[in-house]
Amino acid sequence: MDILSSGLLQRALLEVVILGATCGALGVWLLQLHHTYAAESLAHAMLPGLVIAALLGAPLLLGAAGGVLVAAALIALAARDTRVGAEVAVGVTVTTAFGLGAVLALAPDVPARLGELLFGDLLGTSTADLVAACVLGACVGLALCAGHRPLAAAVFDPLAAPSLGVRPARVELALLALLAIAVVAAVQGLGNLLVLALIVAPAAAAIRLGQTVGRQIALAAALGALAGLLGLVASAELDIAAGASVALAAIALWVIAALLAPKPARAAGAPRSLVETLGG
Amino acid sequence: MSSPAAPPAPAAAASGVRVQGLSASYGAAAIALRDVTFAAAGGQAVAVLGPNGGGKTTLFRVLLGELPAATGSAAVRGTIAYVPQTERSRLDFPVSALDVTLMGAYARTPWYRRVAARDRALGRAALDRVGLADSSGTRFGALSGGQRQRVLIARALVQDAGVLLLDEPFAGVDRTSEEAILSILDELRAEGRVLLIATHDVEQARRWDRVLCLAGTQIAYGPPADTLTNAVLEGTYGAEIVMLDCGHRAVAIQHHSHSH
Amino acid sequence: MRTVFDKLAVVRWLTDPLAIPFMQRALLATLLLAVAAGLLGTWVVLRRLAFFAHAAGTATFPGLVVAGPLGIAAPLAALGAGLGFAGLLSRMTRRGATSADAATGLLLTAALALGAILASDVYRSGAGVDRLLFGTLLGLGDGDIALAVAAAAAALLATAALGRTWLATGFDPAGAPALGVRAAHGDRLLLGLLALTVVAVLPAVGALLVSTLLVVPAATARLLTGSLGALLAAAVAIAAAEGVGGLLLAYHLDLPPGPAIAVIGGGVFAIVALGGVVRTAR
């Protein structure tokens, strides 16, 4: 296949497959704990870090890490608000951080690489980026393996977990730290707007298709890697943006999974309006 | 605590609940309630006893007209009001105790009008009746659990309904509020209204005129003395009954389910 | 002497832009949008629809991209995309098939990815994408002003007519129907009005930052007051102040208005929030 002949595409392919597998596996736990908003908030709010790194000519990874740390701290602070509620407070924080990033990026006399920061630069993956993705991906993967039992206890039986020596709050914090690492790794290739696709779509598909959480994780990793491959091939063949293609490939896989395995309707509970469902 | 400004009581014959062979379900899935038959007239208080998921809320929904009966019938004579548990309300909402109480008048206020002055007076009288006249301007979320429950009862008073459905009105309520609520419920019963009180408390259920035991289906209905036998309680709660006092007192063990 | 000059400079900073026609239109639009977004934003904050509002705004991105090339009016295309998003979300979350947060995440990224491909490879929109994502001072035409008027009028009417319903429904969803409150009906209208308001603010702040007008001012107002009437008024006032401030900042720094308003709004929120913390700590 042509795609393997170019070094550029080889690196991109390797990176996106690793990222897909990592984010897919991680995504299963995040979805089980209903932390999608946290993932999206973190990814959006880290923009200033990326822009500052780009302006200073520093490695994007550093900017991503810094941006994610500050974003996580601010979001954690905001989530404790009792007056307006966590959802609104986090929304305000994310909007402001994102706006700040845009201000820094769009102020004139500044090289505007905002598009790449937002939507990724998968085909611009350097060897250093690839190495970083491998290392970070491996860290996340190992952590997920080692932490499998505590995670399962925290998710499926939070009341009994302490008696098993597991503190659900600590486990959730660790999971969010892994999310931060995965986002830092993926932001170069997909941009901070699209990383969510690899975190949510393969995992959502796997949860529908897999019966046990172990199988769901394996399936999500496979689907994530597949999305990366399909997306990159489509991008090369159709000459369209690579990061966006990977995102759409992941979502397409979810659509197929949803059509193949429709969930049965919930047994009990009255039907709720969309506003009630969203507002909680 | 009866105030002279209380609205005239509906005649005993005007209010009633009659349920005949009722079954109900949510969608095509499992049937939530099967074969319920009972009748309650004005001036009667019925304790609705049963475990979580046993159908108490489903019965209330059918009586309120929110859920259609799959088979059988449920007829309510008179207007109907619902007093939910305060845990279900948003405690951070910018509403005062009086604001919540006046929600009882919404049904008779057209959308283009403000709440009528007469209804405002009714609201204040209702709050006075539940012993919260001084707290009418306090934010609802700033009140104690028992006080909030009393406000929700005041809301039902403003609705001036002949039939009241109360969902565990004593859950997590302090002593003062519990006494106030009991006093109010006795008054409402004396005024000729019908009260259906969902409860977990077997001892509390003995206090009322009738007991309806629900566990997905009707286990028993009748006066507490005759109905609350060990057999009935075991049928209602399965193996979750603990007998105390050499079998004279029964306590139901509640499991809280956490859905993901 | 110097202080007089400084004062004059500040005054000129404020008044110079307002002499320019396109800025006058932008100012008018902003004030109208402040009414719509402040009022609807109060309900967004109370009913916990902040994330949904942001997602709905973002979801209009592909619609905005295709509007110009296909010759459709931008608000129409945006409305179509936004309603499609809400419809799909409703379908996906029906009876718990997919959780709300996962469904929103899926649809949001799908919209962004689709918009990105359409913009970069199909229609080659180039720098015009910034305008769609972050708003513009220049492009506000009579159509946008008319839409802002409509949104403001609709928000005022709806709050007067449906405010009670929305309040009762949000306060106690289980008990609302028993009060004779037409909860489902009211919520449908709320979503419809939210869609209209989102589409109205798009030209000014862009698809990615609708929250700057719809959520942030109302959230700040909520920190300041506990009564509904004061909340609604304060949200409108804060939205107007921040909108105009952001507009002037955008003009002087040559930025799109969305990010400028975002930074001001966030700063004000932080100050008010910290002030509250300090007050309760004492």
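Annotations for the structure displayed:
Each chain carries a letter (A, B and C) given by its place in the written order, and its residues are counted from 1.
We take it that a residue touches a chain if its C-beta (ideal position, glycine included) is under 8 Å from a C-beta of that chain, and two chains touch if they have at least 3 such contacts.
Predicted, not measured: the structure shown is a model, and the values here were computed from it.
By number of C-beta pairs in contact, the leading pair of chains is A-C.
Using the average of C-alpha coordinates as each chain's centre, A ends up farthest from subunit B. Averaged Cα coordinates give subunit A a centre that lies 46 Å from the centre of subunit B.
If each chain is reduced to the centroid of its CA atoms, subunit B and subunit C end up 41 Å from each other.
Chain centres here are Cα averages; for subunit A and subunit C they lie 26 Å apart. For subunit A, residues that reach two or more other chains under the stated contact definition are 83, 85, 265-266, 269, 271. Counting partner chains per residue, subunit C has residues 95, 170, 173, 222 touching two or more of them. Contacts with at least two other chains are made by residues 27, 66 of subunit B. Listing the residues of subunit B that touch subunit C in their complex gives 27, 64, 66, 80-84, 88-90, 93-95, 100, 103-104, 106-109, 111-112, 139-140, 152, 155, 159, 165. On the subunit C side of its complex with subunit A, the touching residues are 45, 47-52, 54, 86, 89-90, 93, 95-102, 104-106, 108-110, 112-114, 116-117, 120-122, 129-130, 133-134, 169-170, 173, 183-184, 187-188, 190-191, 208-209, 211-212, 215-216, 219, 222-223, 253-256, 258-263, 265-267, 269-270, 273, 276. On subunit C, the positions that touch subunit B within their shared complex are 46, 95, 161-162, 164-165, 167-168, 170-175, 177-181, 222, 225-228, 231.
Remark: subunit A residues 32, 82-83, 85, 155-156, 158-159, 264-271 touch subunit B in the complex.
Those residues of subunit B that touch subunit A in the complex are listed here as 26-30, 32, 53, 61, 66-67, 92, 258, 260.
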